[in-house]
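These are the structures in question, set out in turn.
Here come two complexes built around chain A, the first alongside chain B, the second alongside chain C.
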Partner chain A sequence: MSTGIDAPPLRTTAPPRRFPSQAVTGYLFILPALIGFAVFYLYPALRGVQISFTDWNLLSEPSTVGMANYNEVIRDPKFWSALGITVKYVLWNIPVQTLLALGLAVAMDRLVKSMFVKGLLILPYLLSSVVVAMIFLWLLDPFLGIVNQWLDGTPLGKQSFFTSAEQAIPTIAFVNVWKHMGFNALLFYAGLQAIPRTVYEAASIDGASELTTFRRITLPLLRPVTVFVLVTSLIGSFQIFDTVAVTTQGGPADATRVLVYYIYQNAFSFFRMGYATAMSMVLFVILVVFTLLQMRLLRANESDLE
Partner chain B sequence: MKKLLTLTATLTTTLVSTASAATTIEYWLWDANQQPAYQQCAANFTRKNPDITVKITQKGWNDYWTGLTTGFVSGTAPDVFTNHLAYYPEFASNNQLVDLNPLIKRDKVATNVYFKGLADLWVKNGKRYGLPKDFDTVGIFYNADMLAKAGMKPTDLANLTWNPKDGGTWQKAIARLTVDRSGNNGLSPNFNKKQVKQYGYLTGYGAGFNGQTEWAFYTAPMGWKHNNGLFGTKYNYGDPRFAQAIQWLADLNLKHGLIPSFKDVQSSGDGLFRAGQAAMFINGSWMISDFTQKLPFKVGIAPLPKGPNGKRMSMFNGLSDAIWVGSKNKEAAWKWVKYLASVECQNTVGRSGVVFPAIPSATNLAVAAHKARGVDVSSFVNQAKAPGGTFYFPITDNAAQVNDIMTSTLQRVFLGQAKASAVLKDANAKVNALFR
Partner chain C sequence: MTTVPRSYHRPRKPFPLGRLLAWLALALILIISVFPILIVLKTALTSNRDLFTEAARLWPSDPTLVNFQRVLGLLSTEQAQAAGGSGSAVNFLSALKNSAIFTLLIVVGQTFFSAMAAYAFARLKFPGRDVIFTLFLIAMMIPGIVLFIPNFITVRNLGWLNTIPGMVAPFILMTPFAVFFLRQFFLSLPRETEEAAFLDGAGPFTIFWRITLPMSQGPLATLAILTTIGMWNEFFWPFLIAKDEASFTLPVALQVFKSQTPQGVPDWTGLMAGTFITAIPVFLMLIILGRRVVESLAFSGTK
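Take a look at the complex of A and B:
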């Protein structure tokens, strides 16, 4: 039941007239993508559902065990601890990354004319995550890394970064902020470009301050982009794996054993493919819930630009 | 016309030769240091068997086992691959390895030519999954320059003793080689453990369940055993002796500041030794060339410290080559495996001086090769020959899970988050529960 206050205005748009031949052409155009989707996403996902009800060690024939894997997920303290660590990572990663990206986008919009500088920002995103993780692993090494050589002289002193139970998750989050910030900034930047300049002109005629303009005009009009950035980076962030696999392997003392790393361990180290897929399914459900929640809270299907 | 004839002739010979060289064996190993020696073996092998070529692929240790497993499932695993004691039981119980016994019987291959005990490690439930190709023991690698600077002679390291209470003369030697920023060593009352410039000893802290290069050489001479024998199902990590040894090792850093902390070591492994910031490092014989040939300072080798039972004890480990059941060229694969385990190939490997071959005479060649480069490696070989000087790698089912439990538990102790005596009993219960 809608209370009527927040309810979207009813809008009736006439469906575009379709000619069958055009429809066929359209489907032909998306066919390659559809085939790719079916082969590389749909089929594996459905197989995953099936495997999650089996006990399968990859090498022998799987045997059906019903709900046993899901029952074990609920009772597995390591699963819950991994989920908790993942949430901790997300809470470090998303706010820092989004705020920095937004700031960068505004700075680009206002200050930077050079295409070259804008291009530089996206460079980290183009690097492979494994390479990024390796670079930071060496930069931040307690003894041999250059960052600690610098810190050694300062009041802060040397830091452990990846090897301390307290710092490992924030460090991994920072590495990924560095990698993804530029790409998200570009998305925000594109969103900023889409805001008509006339709105800003009107605001400045009314004597609105820079800050008010940002709060009252820029932020609300950016909302569709913000939703896109938040939803995609949240999904990606929950699936953090590669940086952990390269830098900490879940350590020290399990401090960075995130959910996907635990799933990977079960699948490929412990040969428990059924159990690993069951956990993946649970993660999938969690992500669907989070995504829907975000879309609803942020009113994703509306725009203020009308 | 003549030209055409020549062309046809060339084509025919090419066709014939490709037809006869039809079989290619895919062979995997993980150690880049060993690849040249085995490449040489492969070349010699093809010379004797012109119809078989061997294609060698080297993969890093971490990708190796995942690559094999996915290869088994997708049918792309290599015909032959280097196998490890920690991994073969799982593969064997999932029927991925060829039982070599019938082939050995058919071809009358001798299995008693290797160092005593090595061949037995590859037998499970009466089936044999590999012929030994090499062995390894552990010993002390030391930075000879640091030793000299501390006024110590190599012979000072030849008869060290260790016990879990005060660390014995081993701990004294470590303290003497640990120096703080004001130049005081670890034996001095003015030693500042917060400002250490050079550590006497470096441990890798890792290797959760077997401790081959970290703690097994301390715990074995205390009379402690990992479990109740080959393919054991009852583990002893809850034993107070084990907790004592682990706590001693952790306290070397936590209490005494004589070794780098877990945090400092984790990311770089042996980096501090290579960087000339740690004087001694206990590691396996497979590291000899790496340490003695490539570092900018002189590295010497000393035997292990003697434990409470008066003995030096090293884990005895070795590799073998396995044939995958899915191989389409099993007969050729067997020929290659047989060759790898033969005197001829092991001599080739021995002369390269990278690892110790499983056949004693070939090992002598390796010792001589090192000697020619000015490195005395006899303590590793003596360790293998000494009566009671070795104990087996704990071959086990569920190795990955046992390792996972022990790694995280030991890390808590090394980080100082928990006392060994408080957490190891619980970890042991979890390990034993895997075998129920």
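Take a look at the complex of A and C:
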């Protein structure tokens, strides 16, 4: 993704004369956005750094504790467990979601181009994550959920899904696969549309098989989209909160206490603002690494379609 | 967008097995996408009396609107309890209103103010312009939780907990993405019309309002659609700010309604009616704006 920043034009001797007093006009135009940015992005980002060095329960005055919060993060087994659970969630969520989306996009590209089909596919993506969580709580209910009503007659038997420590994270991962699969398929589909058909015609003339064409042409040319889909969904995945908050609330037996849920608990249940903020800073660093990785990979792939 | 059909794969044989399998897979995934929503509707239309006996059925034998009526507060407490509700229902009608106000204010405010800023970044020259814009871009990378804790404290200090101003504050003036998105488009617009208007004596705001905005209806609509979807579904922030029932948005109301029911047997029929109500506006948007919504989403990913 290009940053879109133009080099500032060199100031020649005469000032620009297109609008009178452009500076004042310019500042007036950006004023509302600038206030929003300063108060709700810039200030909280800096304030967050500051809060992370304090001990603060919101009621009494914050007291500065230096690196104590960060030291505690490193030694907190619950933090590492939350990070581990988050990684486990990401490892269930991302591969399944990406592979299904890619397959779906290819199927759409080859078989149907109908707007109706695309509309149905992105329907889950349009739903609130709370709605999606609610839907699956009901579908997968151990007693009355229709999935267990069906499983009851099969060799698999009834499953506990959200209420089992082993199944809860994979279940939450699949719920979000359901929500995001169609949207990611749409992105892949848009990427497929951008591949010139002449490339395929050439391959077809050379007698390349379907599988070879996919492996040698489609996949490499799709790489920028793939990297984009992978990294944005990875960053989103690491911030999983809504589904957990609605379905398991960290349980059973802390099996689904993901990182953002643990941060939320520290801030708004235990009122440990400093500690929660320090952990959110650590998450920020993890995500910056992924973002830099994304930019690196995207730039590395920009020339593929030339 | 080029929509030239590609024909490189026209079947060498009339109907290869691979094609049939691909069709089946696609059909299966479509069913998996839509089926859960049908079960929500079915459950919402089932009376509490039939819920246990018809759990495995795909459609209620005796559909009823009573669950919608009770979660929307259209029935008296006695009637609602008789229909299987707990009586302590959340007011979904008020949540529907709050969600509409919350989403509308943000979509209008954010689109307009971001467009103004984007116009200045694309067209006007002022000291510090590129530095400020670069800061906006960097801010796109900050994850929600980093900002939400300090923002919660700011809103609390302003005395805006439980209020609409508190809920819309972080979103109504800008998002870095909105400014970035519109600036890229404004840069691509031809300058000639604006310059002609300037020679005719129009000021910058007139030019922005009368020329640039009308020429940008497509991108503005795309941004408005993306913002509507995002804000209608936003959970974390309203969940932090709205602690009184009177200020719940729909996703928050839904979550609270669920957690109010005692452990064990939630009020599934009421819950599914509330779930369906929450989802109706996005269904309508997809039905009415179909192609636009799909294209907006596809666009949000590719650039």
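Here is the rule we use: the second predicted complex is superposed on the first by the 254 of 306 C-alpha atoms of A that agree within 3 Å, B and C clash if a C-alpha of one lies under 4 Å from a C-alpha of the other, contacts with A are read in each partner's own complex, and residues count from 1 in each chain.
By definition in this document, a residue touches a chain if its C-beta (ideal position, glycine included) is under 8 Å from a C-beta of that chain, and two chains touch if they have at least 3 such contacts.
None of the values given here were measured: they were computed from a predicted structure.
S.K.: Let me test your reading of the model: by the given contact rule, A:F268 touches which partner, first (chain B), second (chain C), both or neither?
M.R.: both
S.K.: Looking at A:R47, would you say it contacts chain B, chain C, both, or neither? Reply first, second, both or neither.
M.R.: After superposing on A, A:R47 lies in contact with chain C but is clear of chain B.
S.K.: Looking at chain A, does chain C or chain B touch more of its residues?
M.R.: Looking at chain A, the partner in contact with more of its residues is C.
S.K.: First (chain B), second (chain C), both or neither: which does A:L58 touch?
M.R.: Both partners, chain B and chain C.
S.K.: Is A:V288 touching the first partner chain B, the second partner chain C, both, or neither of them?
M.R.: A:V288: touches chain C, not chain B.
S.K.: So, A:A165: does it touch chain B (first), chain C (second), both, or neither?
M.R.: In the superposition, A:A165 contacts chain B only.
S.K.: Using the superposition on chain A described above, determine whether A:L298 touches chain B (first), chain C (second), both, or neither.
M.R.: So A:L298 meets neither chain B nor chain C here.
S.K.: Of the partners chain B and chain C, which touch A:M134 in the superposed model: first, second, both, neither?
M.R.: second
S.K.: Once the structures are superposed on A, label A:L144 by its partner contacts, choosing first (chain B), second (chain C), both or neither.
M.R.: both
S.K.: Which residues would you name on chain A as touching chain B in one complex and chain C in the other?
M.R.: Touching chain B and chain C on chain A: residues 58, 137, 141, 144, 268.
S.K.: Residues of chain A touching chain C in their complex?
M.R.: Residues in contact with chain C: 1, 3-6, 8-9, 16, 18-19, 22-23, 25-27, 29-30, 32-37, 39-45, 47-48, 51, 58, 100, 103-104, 107-113, 115, 117-131, 134-139, 141, 144-146, 149-150, 178, 181-183, 186-187, 189-191, 193, 197, 200-201, 203-204, 210, 213, 225, 228-229, 232, 235, 238-239, 241-242, 245-246, 260, 263-264, 267-268, 273, 276-277, 280-281, 283-284, 287-288, 291.
S.K.: Quick one: which bits of chain B touch chain A in the complex? Just the residue numbers, please.
M.R.: Residue list for chain B touching chain A: 66, 69-70, 72-73, 90-91, 94-96, 260, 262-264, 266-268, 271-272, 275, 277, 398, 400-401, 404, 407-408, 411-412, 415, 417.
S.K.: Quick one: in the complex, what on chain A touches chain B?
M.R.: Within the complex, chain A contacts chain B at residues 57-60, 137, 140-144, 160, 162-165, 247, 250-254, 265, 268-271.
S.K.: Would you pull the chain C residues touching chain A in the complex into a rising list?
M.R.: For chain C paired with chain A, touching residues are 1-9, 18-19, 22-23, 25-26, 29-30, 32-34, 36-37, 39-40, 43, 51-52, 55-56, 113-114, 116-117, 119-121, 124-127, 129-130, 132-137, 139, 141-147, 149-154, 156, 169-170, 172-174, 176, 179-180, 183-184, 187, 195, 198, 203-204, 208, 229, 232-233, 235-236, 239-240, 250-252, 254-255, 258, 266, 268, 271-272, 275, 278-279, 282-283, 285-286, 290-291, 293-294, 297-299, 301-303.
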